[in-house]
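We just call them A, B, C and D in the order they show up, numbering each chain from 1.
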């Protein structure tokens, strides 16, 4: 069995670039899966930033690393863990302090317009492509 | 859609008890899934502690929150993220410093004897039962 | 362990109603998961029917039970199994014979317009709601 | 998006070999996933055959294609679908008629001894290796 031991992935996050998401939010890409659609990132959200209304077409999970996230479930502070179930709609997610969180989503997140039509899909592919662009740019 | 918005789970980890795993290792249970077998915990590992040889019957993922984990892939330090693929065998995992890590496993981990027979299965049920016992004890 | 043995689900498909999907296509709902977003159905597709262009926001799997499905990968006949990876786009899927197939999708399928904007999302919730409506109607 | 359309997999099961599992049971391997541990097979079980006691370390799903499977949930006949939840223990599974079923398991199945110790693990790797051996033998 040991001879076929599959490779571990150790991701030294300190060496990863922060990529701009927009309006005070940056991210580092830790992992994306083309098979399951999972994507894991660290979001860094400046005081006063936030995510627009979105719908989870896959469950999400986070661990607050620092700061505060104010959203539907309440105020999550450093050390708090949250599970955002499949199909949940988050109308308002804001960061009243400079914040960082580890975030995994199991599938796509859809940003929606006021009429609930989809304005943008955030999925593993979005993050995989941004990561590849930045790796190419750094070379 | 909002009327059926499924419930978010916000887990205030500071209020959760540390449960003894054995030999310098404690954990807090953040989430377990009876459907998928996923389990997410925070491990607190005292300097000099470690996990015995084990085999992942489901992929694992971690984020080092503090300290150092020395294992097959190298030394993971605070901020590092790791993905431990399905089927990986970890012969030695030690903590040369007091450490904490967020850890999710997608299915069971089997602790194994030198002949690779299974000595103990660590799965969502193990953690769900320990969590329930402690909640009952605290009541 | 036996005392906690979780319940098996045995679904007698012969007793399930065929529900109309539209234009020669009907389905029976075998299972939907609110946690993972998986949905499993049997589609019955009349000769000459077909699915409009769609994009898989989750992988799909099928087993042809009878007939022929003509799609991007070729012609699948009774007994054939297919895996449709996450992110695949299927421009044309037609049934040149009366056909039946078992189909599971791990997440949503999006029917798209010629400009690739989304016209309709087919997910576990769609099927769970239709199933509930028919169960209520039959009562 | 079309230029990156990921490959569909169409598996012509009629061309796949039946591989002997033991004691009247054969199988064809349709798919195995090294990432998730899912494995999908068709089991062909001769009249009077059966599976020994086993424990599901991952949920299972099946569709009876012909014959009868007599197990904990009752008698499943051609056309019936079953969902076997994570952690279910099946003490006796027998086939009173020549039978075939499509079967997917999301992770390992453990065959157990009367004292519930594990005698054998059936996982994606078992099936991937058997499939590779037979493909090599056929070449």
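In this text, contacts are C-beta pairs under 8 Å (C-beta built on N, C-alpha and C of every residue); 3 or more make two chains touch, one makes a residue touch a chain.
All values derive from a computational prediction rather than experimental measurement.
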item	value
B-C or A-B, whichever has more C-beta pairs in contact	A-B
Centre-of-Cα separation between subunit C and subunit B, whole angstrom	36
CA centroid of subunit B to CA centroid of subunit D, Å	30
Distance from the mean Cα position of subunit B to that of subunit A, given in whole angstrom	21
Subunit A, residues touching no fewer than two other chains	6, 34-36, 85-87
Chain contact topology (line, ring, star, complete or other)	complete
List of subunit A residues in touch with subunit D within their complex	6, 33-36
Complex contact set, residues of subunit B against subunit A	1-2, 4-14, 30-31, 40, 55, 61, 63, 71-74, 76, 79-89, 91, 102, 104, 116
Footprint of subunit C on subunit A - complex, ascending	34-37, 57-59, 85-87, 106-108, 117-118, 121, 123-125
